[in-house]
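Scrolling down, you'll hit the structures one after another.
Next come two complexes, and both contain chain A; in the first it sits with chain B, in the second with chain C.
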Partner chain A sequence: MPPVSVDGYLEAFRRQGRIVVVGASLAGLRAAETLRDEGFTGTLTMIGDEPHEPYDRPPLSKQVLLGKVPPDHTDLPRRRPVDAEWRLGVAATGLDLAAKRVQLSDGDSVEYDRLLITTGVRARPWPRELEAELDGVFVLRTRDDARRLHHRLKAGPRGVLVIGAGFTGSEIASACRERGLSVTVAERGAAPLVGALGGVVGEVAAELHRSHGVDLRCGVQVTGLEGDAAGRVRTAHFSDGTAVEAEAVVVALGATRNTEWLADSGLGAGPRGIACDAGCRAFDVRGIVTDDVFVAGDVARSPHPLFGYQFLSLEHWGNAVAQAEIAAHNMVSASADRRPHLWMPSFWSAQFGVNIKSVGVPPMADQIIVTQGSLAEHRFTAAYGHQGRVIAAVTFDQAKWLDFYEGEIERAAPFPPEFPTVDRRPEGMQPVPAGFPDPSLPSHGPTVTLSGHSPTDRRITFTPRRA
Partner chain B sequence: MRLVVDLNRCQGYAQCAFLAPDVFTMHGDEALMYDPQPDDEQRKNVRRAAEACPVRAITVEYGDETLAAGTAGASRVG
Partner chain C sequence: MTSVALLHRITDFANRPDPYPLYAELRRTPVVRDEAGPYLVSTYWEIRSLLHDPRISSDARNLTAEAARATGQDQDPDLPPNFLRLDPPEHDRLRRLAMAPFGPPDTPRRVYDMHGELTDVVAGLIDGCRGKEQIDLVDDISYPFPVTVICRLLGVPREDEKLFHEWADTIAAGPDPVVTDEEREAKLDSVRRARRELAGYLAGLIEERRRSPRDDMLSAMAAGHGADGRMSPVEAVTTSALLLVAGHETTVNLITNGMLTLLRNPDVLQRLRAEPDLAAPLVEELLRFEPPVQMLPQRTTLADIDIAGTIIPKGASVYLMLASGSRDPQRFTDADRFIPDRADNQHLGFGHGLHACFGAPLARLEAQLALTALVRRLDAPRLVEDPPPYRPNAVLRGPRHLPIAIGGIKG
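Moving on, here comes the complex of A and B:
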């Protein structure tokens, strides 16, 4: 076949091909917009298991819980019309790679020429089902979760228990305190945020909790939730033998990737996500890259050259946007015009009145140094080092310095940093151990997961310890 | 009207909180909170806020026409 046929295929595909996007949230929407921006004029089908149009999730644990914004007021703005067929409230239940067909929960199926998977993650539920079903036990991931939780918080429960002090759990605790509610936070690790930011910064996070009146209990597990005769949660028991009364319990134990529907598909999909190459093309279980299935957002794991070409799984808002744009571009581009997804991991969290931001991959670090400001003042910039180079940086209320450190990470600058900095304090003269826990025992699920070099590695390191 | 702020991009300059205080507020010294679906009467203020943002972090869909400020939510190094 002369090469001109291949070009001819791409032109015909761009003009009248069929693209199906499974997952109608941030990544799916931005991908759809990019496809149209890039001149794709074929049919576009958007499949989403939630009944809602694409909405933004970060406000759910902040503005929405505080009652400043109604739960259904977080629809994402559109950058442009996408002219798609929306199949909302319908989940994908299976994928036939050979027939190029997605099976849907309503019994229907949709055929594609190219497929984009942006199914994201869902909240990990409380592992004991009967306890999870008690009235007053919540998770927070979706708009409907937020509506239910906000409704309960508004009613003024006597005692809220948050299980897990990752970013979501900490933000929920912060919102509860701001509402004047009494809050206990139970964290299996040594400190809040310890899996994502390490023990040194985790101690600062612990101070934030305590100085805002949170009853923070680290190094404990919740061994059981107990309800009253009417099935309403009332008491939580801890591994240290203590118990608290709680009329609302929020389970914030991290997220699970939505890949079950691909279990028999032959794609390299598992609990850690769907492996894809730097161009967002999915690998199959043989480790061979596909050319008609693409992946973006929280559900993807892709290799990153800045971090030893390990596969990274990123539950980050910015990654969902950037990867969706790259995936969409590559879906409608010839091989030579494709781009790699080389996004610098970045995220933010607002809690207890402090703006926390991060670039790079802190959990890779062995050491940390406070280069500006002071931990004690809860206002600082810390650089993380991995084998003598800068691998990440975190700021508490010093976001404006972060761009500089991003550049340092990109050029693999030496660690500890050799430059003088403004507002350097005595505590910032020497690096100290960063204090990350054994990665095989994360407590609340870090938002960046390094998952090795194999595209077909379907193992998972997180094993919830049964109470 | 719908809007979203790319808070990776945001550096807390608070121009938006100054120009559209009913939509954008600082929560503490640096964290920004905003109303993602403000009333239409805020349109003029929101437009000024989006245009004044030094890091072009605010993406707005005004409803009648789609106008994206800045590079519209593209992330830090995209």
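Moving on, here comes the complex of A and C:
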């Protein structure tokens, strides 16, 4: 290339550069659409390890399991044509940062000028491989997982065991009960959702499980799965010495980030995701930010000013969209025009007829107060406090109030809130400990994991994970 | 900037055809205490934030005595407030019970399934204009259409419209701010009387439905539903009165304002004729540009609220000026222009938050169907007078008549 100014380079890149997006799901698709919206006219290559065009995952643990929506009717709506070359059913297996080249599982490779990584996460499998291979043992992450699980549930198995009562596990249990199936849920923690929402709200979730007929067992581990002579799962053994019969076992132990393919790349990628700055640019292993590799979605881990510049790794639908849009914008913008990813963490879940929504980062909290409604009625709004400020809020069937609490988090409002509100009940007059488990104890992964410090902090130790 | 009687000027009938310049003036101070007592909130983000603020009550019983006197909020000792004037948990329970026979999650297809029926009603009303050279859109279409629909939905006999028309009109004028004590007393009295008469009428119908239920909302509300049990007789009466009044006193203005806006923008009218799919975004833009509900004058603070540099004290009366917020240039580009396919149009036309319009899906469908049919079938429609004569209401604002000269009826 002849010597040109950086701006001149950007113009040429926007016109005829090469962008490769690895990961063709929600974040990848929205990024591609944003790139085109922003006027990028170069070549765009989308690489996805699944054979499907981008589809939506939230319905997979809800409407799809209930048979209300067929698994292949979950394609993501397209905002606009993206004019990309789609390489579907092909995984990325390696990255050469110096040569700017992505290695593919079919032996091919693709060169890029700028790369966006949106490889997301996958379901953490049952750790004992032989047991995991038994017929009737499932995970739920992909459309194909959902198809298999729905097929089995439709056949009416006698006894379903769900291992792990995080959001996915709880939604699966809820769908099974709605189908009239007998369900046992085994949770290592003290209550369902305890990692994401703490013990106080976890107790409400436990009541929801039980009042809907779930055989909920907390504080137990599944020590083994046992199959019959034909290799079909039949029995699960628990750490308390008990056992249940189950013809279907769903392993819902959280997710593993898809970063193994980057292990030797020199990129700051590991089991907690790929570290990036607030502008979505990936860090290399030295902690130096790259300028041609961007990250978005579940696989990204980026510092958030509202939460002490901790690196947040969010498995939230809305985060994937927002971060993809920011990453795409920044990929084709000059540095002065770049934007930070300052999305307010938020998620929703539908289970046992209740709409659960949250904003902020509940696991950072030390205290919780029920500001509106009532835990006993399973309809409430609770605020979480961290060192005297509001850090998060959750609602059960009261989502319309969340905007207010989002504002409270944004302006670091004092905790506990000192003002009266509509529907304040006697139980909500004093804050109580939020009841998060010791993060060093293994449990199902909370939806938000916190780690690291300010990007200017040099004391980062980095240990790449070997596959 | 002084707030000198801005509210007075907004409610002044002379300004009814075009209150928007007054709102622009108001927005210079996003939150201001009006001479008349209440705090007026006029900018988009401030209104939105207060619509989601749990320190704001919709229950007039939370007003300080002074604020209640100053703003003339009425309380009828014999008739409890409907859910529009209640806070959670009572509000939530009643709204859920009313929603059960109307929308999701229990009856998700109710409005959708009315599509054919609504199309027929509109077609019939337009057919009724054959042979005329001039129609009054309000009397011929915009009023009878939603009245017919809400009557069928609730199970109120259409022929009783003569009975409840005046009660409904009186009640619909209720939220309008008044200036003098005499006006206040006279209005409180007439609104109270209309409420009681309407309540008595509906109580009779509900009792009838309790004994012999039909497929209508009165029967469903009388029978009750699931975990929330059922409404008490008086709750069923106040709720059905709310739905009956709100179900047509607002939509009439949406349709009329819509046709007025189309006639003022003939290029848009032509476009809608050619592209019926434009109806959906066009109605959203109408809700932003000429909203049937101009302001929410019935909220009260439960605590001091610090907003936009002003502290609204506890127990104050707060007016959320929705129509002003939806024209806020800080939120909408070209806010004073009618852009039928405007993108990112999160207007305040249906409010927001807890009390967001209950009947919004029905109102949208009614307006979309009516406007599409009108532009397709009215031949060479032309405004006879502009501005048209307005109803007195400042809150539920809209023309009293909309005379339109036509070449005939097509189709």
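The working rule: the second predicted complex is superposed on the first by the 448 of 467 C-alpha atoms of A that agree within 3 Å, B and C clash if a C-alpha of one lies under 4 Å from a C-alpha of the other, contacts with A are read in each partner's own complex, and residues count from 1 in each chain.
Methods note: contacts are C-beta pairs under 8 Å (C-beta built on N, C-alpha and C of every residue); 3 or more make two chains touch, one makes a residue touch a chain.
Computed from a prediction, not measured in an experiment: that's the story for all the values here.
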item	value
Touched partner set for A:Ser239, first chain B, second chain C, both or neither	neither
Which superposed partner A:Arg78 touches (first chain B, second chain C, both, neither)	first
Which superposed partner A:Ala350 touches (first chain B, second chain C, both, neither)	first
Touching partner for A:Asp423 - first (chain B), second (chain C), both, neither	second
Touching partner for A:Thr223 - first (chain B), second (chain C), both, neither	neither
Partner chain in contact with A:Ala322 - chain B first, chain C second, else both or neither	first
Between chain B and chain C, more extensive residue contact with chain A	B
Which of chain B and chain C A:Gln372 touches, first, second, both or neither	second
Touched partner set for A:Lys400, first chain B, second chain C, both or neither	both
Touching partner for A:Thr43 - first (chain B), second (chain C), both, neither	neither
Common interface residues of chain A - those touching chain B in one complex and chain C in the other	379, 398, 400, 402-403
Of chain A, residues touching chain C in the complex	371-374, 377, 379, 381, 398, 400-404, 407, 419-423
Chain B to chain A touching residues, read off their complex	2-4, 6-8, 10-12, 27-37, 59-61, 66, 68, 72-78
List of chain C residues in touch with chain A within their complex	48-49, 52-57, 87-89, 92, 302-304, 353-354, 356
Sites on chain A touched by chain B in the complex	30, 56, 58-59, 62-63, 66, 68-69, 73-81, 317-319, 321-322, 325, 342-344, 346-348, 350, 352-355, 357, 359, 379, 397-400, 402-403, 406, 410
